[in-house]
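Listed next: structures, encoded as structure tokens.
One chain, subunit A, appears in both complexes that follow, with subunit B as partner in the first and subunit C in the second.
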Partner chain A sequence: MTAAVVPFLESMREAAAQARLPGSGLAWLDAARDEAMRAFTEDGLPDQRNELWKYTSLRALARHGFAARDDEAATRGVDIDRLLLPGVDGPCAVFVNGAFRADLSSFEELPQGVRVRSLADALRDDAEPLRFLLAGRAGDDDDGFMLLNRALAADGLLVDVAGGVRAGVPLHVVHAGVAARAATAWHLRSLIELGEGARLDIVEHHVDDAGTGHLANLVCDVNVHERARLDWTIVQRAGEDATLLRRCQVRLHDEAALDLHELELGGKLARHELRVDLAGERSRFDQRGAFALHGRRHVDMEVLVTHRGRDSVSDAIWRGVAGGRARGVVHGRILVQSGADGADGSFYNKNLLLSPDAEIDTRPALEIYADEVKANHGATVGQIDEGMLFYLRSRGVPLDLARHMLVRAFCAVALDGIQPAALREHCEALLAEQLPELAE
Partner chain B sequence: MLKIENLHARIGGKEILKGLSLQVKAGEVHAIMGPNGAGKSTLGNVLAGRPGYEVTEGTVTFDGANLLGMEPEARAAAGVFLAFQYPVEIPGVNNTYFLRAALNAQRKARGEAELDSVEFLKLVRAKVKDMGMTPELLNRAVNEGFSGGEKKRNEVFQMALLEPRLAILDETDSGLDIDALKQVAAGVNALRSPDRGFLVITHYQRLLDYIVPDFVHVLADGTIVESGDARLARELEAHGYAWVRERRPAEADA
Partner chain C sequence: MMATQPDELQAALSRRYDAGFVTDIEAFSLPPGLDEDTIHALSALKEEPEWMTDWRLQAYRRWLKMAPPAWAHLKLAPIDFQAISYYSAPKNRPKSLDEVDPKLLEAYDKLGVPLHERARLAGVAVDAVFDSVSVANTARDQLAKVGVIFCSMSEAIREHGDLVREYLGSVVPQGDNYFAALNSAVFSDGSFVFIPEGVRCPMELSTYFRINAGHTGQFERTLIIAEAGSMVSYLEGCTAPMRDDNQLHAAVVELVALERANIKYSTVQNWYPGDENGKGGIYNFVTKRGECRGDDSRISWTQVETGSAITWKYPSCVLRGDRSVGEFHSVALTHHHQQADTGTKMVHIGRDTKSKIVSKGISAGRSQNSYRGLVKVGKDAVNARNHTRCDSILIGKQCGSHTFPYVEVKNPTAIVEHEASTSKISDDQLFYCRSRGIGEEDAVSMIVDGFCKQVFRELPMEFAVEAKKLLEVSLEGAIG
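Up next is the complex of A and B:
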């Protein structure tokens, strides 16, 4: 880092200095936050020499300062119906500009044994159980955003499903960005715990008003215990000038399963760093994802799947489509640790470029240190198949519609499994909405 | 209906059609026969508007309009249909959805009312029955996992549904066993009508036993070297294409 004033860093340091974070005054928490801020001040933002940030530059971001909070986040009027996805009526946790909104959230339909709270509330009630989460040892690969999150996280979502409990209804988690007096940065730390044999469905929605310019830095730890299963659908529609950084660290114990569907549509910069640790025997991770980007959107999927348990399975399929001057990055890594004999991992990514100025960088990688392992990966970047296009047109389908049909078909594998059907149809409609702009 | 005059076309810089002229009137079935590499498939592709083919000389009019100036979808809406030699598999695009989009796009282009899903399904079911198609194929992706015979039958089924004015069959008989061939031929024959023209491109005379043409043309080296009636096809079968070249040395060399 140069000695020149970097607005982003300055604004983060200021945020730390004036912070009135929940839990302030607790010695262990203050110390952890101070330590993280010190480390961030030293390290700064990751740059492109970092392999994990090779194709995503933060130089533009570094030139922006952000307000430390939106003082009206807790009271702003928002149109809740616009924030909720169809097909997921029921319990919902709503965050507006980084603040948990009890007035917009409801958990009444959740059965006994499913506990949902905001991090800020939990810190006020009894911070001690959160000590491990918030003051745990820093990881070797903690980057600037992780450190900022440790230093500045003011809220988040804590979900706990007791052993053997099936939530029965999906939990809708909404992260909304609405216009505020200034572009604001917030940092959320969340924890999702599923006890033995528990089941939970989460539908997560990221949605922004146009023109907010906010930055959201979200970190989520997920712990799925023996034989528990988490079904997770993420619909990401960040604003075209919003920055969304997510890091998600999942641990799957024996015979635990995570089934993840992801549709990524927005963001000036939207990054999802997903770490899945298949720690348990016969644990299983399935992922189906698609991104469709137009304009100058930039989405970066950074996926690391680590097989540690014997006979653990991972199966990831990503589809990427980019038009305009959009940029997509997919980095899918499978690491099979010694002892994970019988592991079966695959990561496949196919991409379509719809304009000469769009770019997609995809890098699948395998590292294997165990025996009797099956591991497959593959990645392609191509254009719409001219033979298919002509076939459709020769039957009278106009060029634009023919292209739309082929792009939708291309992404279908990622969306087909989304439940319930109403949500899947909505995702298909969201994708279809992008298509006219994608072609530009 | 279709008037081709002195058509020259090339692909990848190589001239394939070298001055082909042909006229098809409504109600007529014309067979185009010829050896491999003569330009038969090129003719079908040029008429349907496949990108990559360059017309360097000549004209093609369809009902008086310049066919070569039209986009492929406009040709389809005008009534030109090409049954592909190699129908394309399109994973993820549902057959029924595709057919309805195609039919409605054509109807819209012609200023006709679009069919709603109920009307469309009724129509499709009737045509499926006529063609002896397995109805399940409609719920699958376009041609995906279809056998060779199913693909060809699907082409004729699409033709029956879209009711083109000029149907071009590009080696629809290739790769079919005799039962499938008969079914495909029956489907085509059912569509023969006084206001519909056919261009049946085939390598073998076999198909013409079932779809009896009004005219047979022999295409060799990019031009039509011999024309006749259905008997010509049988003579070709008996003597082979070399026979045509021997009979017409002057034209073949021209």
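Up next is the complex of A and C:
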């Protein structure tokens, strides 16, 4: 640990000392939280020698302290219409500055068999069933933020879809950061469980235009049982001073499927560490993602796919666009374990660099321990094709518009599959909004 | 796919290491162990000037403060650096080729090194490094006529001290990495090549490295300087006898290409890989780096890696000059318990620089074969271009094949492309060959040969033949 970590570390220690977290008083939970805090105090924040943090420095973050909570989070007035995405007007779960807001959320339209609760509520009612989640042994790959989450998670979302139930309407999950007295850190732990043959659509929206420089540390476990299917769309619009750290651990059982769409537009630092365990036979993971960054934004997408089941399939495509002084980091690792015969993994990442001060670091990796496999990856970094630009201009399209058209076309593969159409169009519009700034 | 392996295939699989003989030559060795006295003794034995001794000591002191790298995808026991002898030389140093110990010549004969007469016939000048010292150097006169210096590193330090002093460590600094620091402290010999301005080296230059004595490490240092407008092709081959303990090889190769110079560096590495149970074999930790210092210069690395228990090697190009070009062509084959973590780094600094990477990995048995590469485009590297292609074939259920590329781009005019695939030998291709009456063995051999062709094409002819043969022998029966 270095001296530079102190302000951040101190603020987290204070948070742990004064926290009256839901579930406090339960011996097993207190022990797990203490243990995690101790481990964090020892390890500190991950540094760039950690391969998963190679291109993301936390030195600047370490110099900041954060308030442990926003005491008014439960009552702050927010413009809910601005937080909701078009095309998903059904059930929604809203978190404001890390606190679940029952007054803004509604689950009435969810069919029977779909249960959605906040972690805080669940801990108050009956904590025992959550013991496996919250008191599980720390893993070797738990980094500092995972440990902090174990120590300090005060809330989160628990979604449980019973076997055979098809949710029918998408569940909208909103994480909003709004202005508060001080930059605040919150830690949320969520669990999404889909029973056999269940189906669920989730649309997740991250929005933070507080200007206060909050830090959100979100950890989500997802368990998709046999033949179940989760369709998940993530739209991330954190402000240019917000730090958003997400870790998502997905386990797919036999013939289970996860279809993930992701549009990442913001963040002083926005990181998503996605770990997908294709544990079951014929399980399948599809991902289409795009990021478009300007200003000094920094996005770090870690996609770590492990094939364990036979004939499991992973197919990920990422598109990245960076302008201004932005930095985009993509790491896609496909690990095929011995015995995962018939595995088919692919990861493709193409990037456009639009300004002399922007940077792209891309790192696809294959680790293969079985021979009956197909595994491919590819990565490119380039700029807008002059030939295409010339073609459009020669047909009377102004330069700016031609560039916009080409960037949109470049990202199209990531957005095309988003459902419903209204949401897709909204995502395209969000991307289009970025374009003038990207070129700067 | 066949369910079982016929006996003859098994037999071929468990082939012996052809270059694994020990040559009984009287050798003088320093006792095992490493401290400042060892370095003084080594330096004194080699009659080195004081600056060289100081340089070694400086490197040694840096090495003491460093830790062995742990990031590679390799499993190995810690190396006991005190158990290694840092100098071993055949006694009776020869004055000319005629005085070279016939047993030694025989050894090289067995290896197929075109030394002596064969060298001249083949038009190859050979510098052979046996254990730690250079024992023979052919065709010097002919080279001297055009001003080319090709000699052992020890001789270069004595005779061409200014040149060595100017360039040694300028591409791979002493503290570059753990093994480079160790090499800088204890390097025993190696080759030195200087091609003067405008000279096209009239023949291929070649070095053959062999570790003979037990409990010795080989730490050779090669330095090639190509002045403006010159051109040279350099070949390197390596073998070692079969021994049950692991031997260390930690070499450093530095290439400097000035304006319009062209250096082509080819390696066929066939160090003893250990037996089928993973016992013995060479630990090969090599730092190879070339710097395209001048505009329009070009450095090309070609390697065929079939030997060594552990290979840790990343021949790299620093493309400093404008319009300079770097290339890396590699075939890495691992079998039994071999582990390879190899690849390249292309660092684009100058304008309009280009690099190309072609890597072919073949893993069989219980081996682990990793490609690790970095393509870095600096802020000022306007119009940099890179194309990388990494393909891997897996033969068998217990081996692993991995690809770890790193792409870092800081200039918006760069175009960088990386593509990789991993699969087993395609059933369709095998079926096609088999249906035309080609035996399974030959079919695999043909397919692998085709798989590697892009790299073999880059090798000088006599090396290409050797490389092809090596692969065939290594792969026979590896299918199952």
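Note that the second predicted complex is superposed on the first by the 436 of 440 C-alpha atoms of A that agree within 3 Å, B and C clash if a C-alpha of one lies under 4 Å from a C-alpha of the other, contacts with A are read in each partner's own complex, and residues count from 1 in each chain.
In this section, a contact is a pair of C-beta atoms (placed from the backbone, for glycine too) under 8 Å apart; a residue touches a chain by one contact, two chains touch by 3 or more.
Owing to the predicted nature of the structure, the values given are computational and were not obtained by experimental measurement.
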(message) In this superposition, which partner touches a larger number of subunit A residues, subunit B or subunit C?
(response) C
(request) Have a look at where A:N376 lands relative to subunit B and subunit C in the superposition and call it first, second, both or neither. (result) second
(message) Let me test your reading of the model: by the given contact rule, A:A412 touches which partner, first (subunit B), second (subunit C), both or neither?
(response) first
(request) In the overlay, answer first, second, both or neither for which of subunit B and subunit C A:L401 touches. (result) first
(request) Kindly classify A:A31 by the partners it touches after superposition: subunit B alone (first), subunit C alone (second), both, or neither? (result) neither
(request) Scan A:S355 for contacts with subunit B and subunit C and give back first, second, both or neither. (result) second
(request) Go through the superposed model and pick first if A:A210 touches only subunit B, second if only subunit C, both, or neither. (result) neither
(request) Identify the partner contact of A:A432: answer first if only subunit B is touched, second if only subunit C is, both if each is, neither if none is. (result) neither
(request) Return first, second, both or neither, reflecting whether A:L392 touches subunit B, subunit C, both chains, or no partner chain. (result) first
(message) On subunit A, which stretch or stretches are contacted by subunit B in one complex as well as by subunit C in the other?
(response) none
(message) Using the touch definition from the top, list the residues of subunit B that touch subunit A in their complex.
(response) 48-52, 71-73, 75-77, 81-82, 84, 87-88, 90-93, 97-99, 101-103, 105-106, 109, 141-142, 158, 162
(request) Please name which positions on subunit C make contact with subunit A in the complex. (result) 71, 73, 377, 379, 392, 394-424
(message) Quick check: in the complex, which residue numbers of subunit A touch subunit C?
(response) 51, 55, 338, 351, 353-356, 358-383
(message) Help me check something: in the complex, which residues belonging to subunit A touch subunit B?
(response) 386-388, 390-399, 401-402, 405-406, 408-410, 412-413
